[in-house]
Amino acid sequence: KNLHQLLRKWGGGPLISIIGSGDFSRVPLHPFAGLWFRVMVGSRNPTGVAVGSFPDGVEVVSHREVVQAAERVVFVAMFPEYYHTLVGLREQLVGKVLVDVSNATRMDLRRESNAEKMAELFPQSRVVKGFNVVSAWDLQTGAHDGSKQVLVCSDCPESKALVLDLTRRLGFSPVDLGGLCASREIEEVPLLLFPSWGGPAHGHLSPFPLLLSLLVSEERFSSTNFHWCMVMNQTLPSISLVLLALVYLPGLLAAGVQLWRGTKYQRFPAWLDVWLCRRKELGLLSFLCALLHTVYSLCLALRRAAGSTLGTIEHQSVWRSDLFLTCGILGLGVLSLLAVSSLPSVGKMLSWREFTFVQSGLGFTALTLSTMHTLFFGWDLVFHPSAYPYYMPPVHMLALVLPCLVLVGRVMVALPCVSRRLTRIRRGWERKPQTNKNLME
Amino acid sequence: KNLHQLLRKWGGGPLISIIGSGDFSRVPLHPFAGLWFRVMVGSRNPTGVAVGSFPDGVEVVSHREVVQAAERVVFVAMFPEYYHTLVGLREQLVGKVLVDVSNATRMDLRRESNAEKMAELFPQSRVVKGFNVVSAWDLQTGAHDGSKQVLVCSDCPESKALVLDLTRRLGFSPVDLGGLCASREIEEVPLLLFPSWGGPAHGHLSPFPLLLSLLVSEERFSSTNFHWCMVMNQTLPSISLVLLALVYLPGLLAAGVQLWRGTKYQRFPAWLDVWLCRRKELGLLSFLCALLHTVYSLCLALRRAAGSTLGTIEHQSVWRSDLFLTCGILGLGVLSLLAVSSLPSVGKMLSWREFTFVQSGLGFTALTLSTMHTLFFGWDLVFHPSAYPYYMPPVHMLALVLPCLVLVGRVMVALPCVSRRLTRIRRGWERKPQTNKNLME
Amino acid sequence: KNLHQLLRKWGGGPLISIIGSGDFSRVPLHPFAGLWFRVMVGSRNPTGVAVGSFPDGVEVVSHREVVQAAERVVFVAMFPEYYHTLVGLREQLVGKVLVDVSNATRMDLRRESNAEKMAELFPQSRVVKGFNVVSAWDLQTGAHDGSKQVLVCSDCPESKALVLDLTRRLGFSPVDLGGLCASREIEEVPLLLFPSWGGPAHGHLSPFPLLLSLLVSEERFSSTNFHWCMVMNQTLPSISLVLLALVYLPGLLAAGVQLWRGTKYQRFPAWLDVWLCRRKELGLLSFLCALLHTVYSLCLALRRAAGSTLGTIEHQSVWRSDLFLTCGILGLGVLSLLAVSSLPSVGKMLSWREFTFVQSGLGFTALTLSTMHTLFFGWDLVFHPSAYPYYMPPVHMLALVLPCLVLVGRVMVALPCVSRRLTRIRRGWERKPQTNKNLME
């Protein structure tokens, strides 16, 4: 009478056998698994497992019973130091496919992986590595789609095919990574910390210490009273401006590549692809720097107001100072809107066109405002010899180069002749490959 | 043996045929479509389609093969400039239902729509417009429920009924908009930018330039030194306060209408319905203005502290200035909480009662604090003749009118005699329609 | 031909009968219910129910028809004051299971509950309380998993079992709370406001008024000019610092308990469990206090700069003041990152390891920075007799005690000998229970 029971009987969904009742054992259990499959979990102490720690319909029995009832695939959801406790069940595991779901504890690709250890312990079973990337945590919180990817590897092709198929039916998207030696890399994936931030943080924050040391040396030599806060407050906006320009540079480069090739049906070079995917992280770093710069400016202005006269704002005319302030405040406001729209739940609410408007339209507005803010700040200094101690231009002028280039590039792409061609290419038009044709003949 | 294959066979889910393999072709493919339906995608160059760009089980073939295999409905997922490439398949498409999923490129209701063009090209096929509102982007990011609406129109009622049914089975909620001429409007829907913000931005920000010009003229005449930042910093809080009052006015009006009618079973007038739906956007605009006002105030106070004496705060007693500051800071804090709770992911976590408490309880607290902040600011000026240059009251006093009215209204609705009646009405009680009854007899 | 119809026929999903067509009647209607079940809704005025207010496939008929067609279970989705309108259907309801889904209007456990009233009105029906905790609002917005819990109670065990099973099949997770008298509590659950915030707000903000009064009295006696803002600005950071320390104390206590017991397979004491679950709320309160403290500091510094000399920053050396400022700004920045990562949609994007890094690594960084910020602030005052009026230490020194203890505890847990043992325990190792063994023999 129960629909689910009927479905399960008809579909003949295989039995899923799991050894181990800890957090790991929940990994292959997609929330909907219980609907289609029969699930059996083996525990060292089956009577001690708290009621309710597994969803309805999951049977909790002893290790031995799980192995005896198992069809072909057995998930081993234990810490690797306890694999030896299964040695007594070696006979029953002959010919079975053991799926190892454990993680590495340290980053060291030279060590033997847990899956390889298991393969040594059970030479007559077929070991497949998989499901360790999907953490029980992610499943519980209903995490993002990316985590539904399951990396799989094995030395036995048939067993791997079996597991790949099972994975797909469990609602994940499997990725075949080859032989069991790949398990060393697979086991280290959960140890990676913010992998998508690695590029931006390493590649693009590298000028940070350089800039900082440049500024420190400049300040140390040029002025008698050296102030750490002042130096921070000149480095941060420069970094922020450059990062913001780096967010919009790859889009222009991509447009350039498409124009040059005359088609959109060729892949971008790999480095450009990576860069395009990291724009969000670059933008958020830029926003963070801008925010810190704001707070620093306020605090420094307070201290200055309280007596010590270190500022540069007072030298300026009121009109320029008004524009300087307004550009800065509005630029920060627009950047905040961009940051809010990059929150996953807000981004989901936007249609594609709205997202484009926010990220491209508002983004270039923010870049323009920030550039103007910097220009108004440094206007006087440019023509003053004291701004070039030891013939070095001040840092904020160096930081202006890239943003200005990006803005010029944006204007050029927006020119009617260029933009019309670009639109046509993006709607599928292709330039006749004349040269190729000639070569063919 | 595979459950999904079985289900598909039993269910006899129709074949979904799609011509075109670009982004558009993913539109009718709801993430779960592949589970229940057989999907066939036609490409100009079927061997060139990258593996993995479509989900498992989707067959990628040539245009001709798709059309030949098609049951009755064929989705045409191409840019309109390529429709003519299908002319060679006209014979095979006779009697088929062509679903056009393309978008307009410009807002111009006088032009012929893409669907109408297609109907001219294939006079013996039945053209239905639909699915263009659901963007591939939305589906990919698992967007909000609103985007599951599919606007459909056609001149052939049977074909439309077929597509409406298919749409429903694909997991969308179709809306029938009539004949094919409606396709002009449907094609422009994806071009709309933040449609729910249109009302608030246009209707309620219209006083902004008016206020600004009023203030500029006031300042220009009254003071010798005119400051743009000062003017902005007087306009922004006034706008913010008025917008916040406009957030809570429609709720009071709705309560008034219900009290007057004595029932909740009648629809509100259309303008009130629209207004009630736009409260969130009004509130966020108000928060943005308040935030900018805060930053401006800090920056201006800094400049003032650095020498130029333009301020008004110094004239006040310390106690009033304390209250003025505290009301402002706490008001901004409460508004921030409101803004955070309007983030979709946070809002989802709140129960209905918590949402009411935050939006209504905290909202009126914010309104009260902002009103007091403005009152404490302007207390001295009210009784001073210099505050009325050319017999015009200062802007912040004009801005106080609406908030005070709303607060008085809120207090009246909270009076026991009124609130008890309102609660009864909202729980389904109806006043006996005596007059109607008399008229009936 | 329609798959869903087939599934419905095959599965024999029971008919769901609901009396009442208001918001309540949507409660048992999980978004997917219509897929598997036949749904019938009874209305006072079935022709007056707007088309589209119920999903496709729901039949809207009169109360009488619903009751006549009902299988065994009838949901009563009305306000309790209208139960008497069903008295005429008493005959048909004999032996049926009535599920009461209404809520209480006030918190008063001595009153008779709505379900008990219904049981009196229909003595020959079996009344089950349930589904009132799941609000129609939550279902509509697709709320969090927590709200899928359905609290159920009844005096008739068979009827309860029936409803528990139905609940499970509707996609909720039922919780059996015993006899019908439990309905008094169940009906008040929706009236609870932010129950998870109750503990932190009541238990941990209790020192707030105490501190405030302490400071007020100190200020009143010690200085001639008393300033409310100054007092607030000393109380807020102290509260913030103590709350932040309270976030990280329970984790250390948990580690201590595990080390002492030598196993992870015993539950923590109840108060520690509750405390561990409230860390997020404590952290957010701490962040709020820190934010208000920042704004207050800026405003006060402005006023001070404008003439009145109340400050303490000027007395310090520039280097210490730099460190003081930088620690404060960076501490607030790190706290902001923590607050952002506690947004549900952002938290979902993080893997378990990333979440640990953010909440534990960044958290202790923020605590260290805040403690240093406070230390640098009070350095001078510690050795100055004027800091101890009436032999009481200043408030910020009292606030430092707990954070310093927590930091020392963290360092001790990180010592190699301790941390190695802790890791082993958390991976399932257990100390041999020697004493128990001896006792057994």
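Each chain carries a letter (A, B and C) given by its place in the written order, and its residues are counted from 1.
Note that a contact is a pair of C-beta atoms (placed from the backbone, for glycine too) under 8 Å apart; a residue touches a chain by one contact, two chains touch by 3 or more.
Quick caveat, the model's predicted, so the values are computed rather than measured.
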item: Homomeric contact chain A-chain C: same or different residue positions, threshold half; value: different
item: Rotation in the CA alignment of chain A with chain B, degrees, nearest 5; value: 120
item: Intercentroid distance (Cα basis), chain C paired with chain A, Å; value: 29
item: Residues within chain A bordering two or more other chains; value: 7, 298, 302, 305, 343-345
item: In the complex, chain B residues that touch chain C; value: 7, 10-13, 36, 145, 168-169, 265, 298, 301-302, 304-305, 311, 313-314, 318-319, 321-322, 325-326, 329-330, 332-333, 343-349, 351-355, 357, 427-428
item: Chain B contact footprint on chain C (complex, rising order); value: 1-4, 6-7, 22, 48, 56, 79, 81-82, 135-138, 141-144, 147, 190-194, 227-229, 232, 288, 291-292, 295-296, 298-299, 302-303, 305-308, 343-345
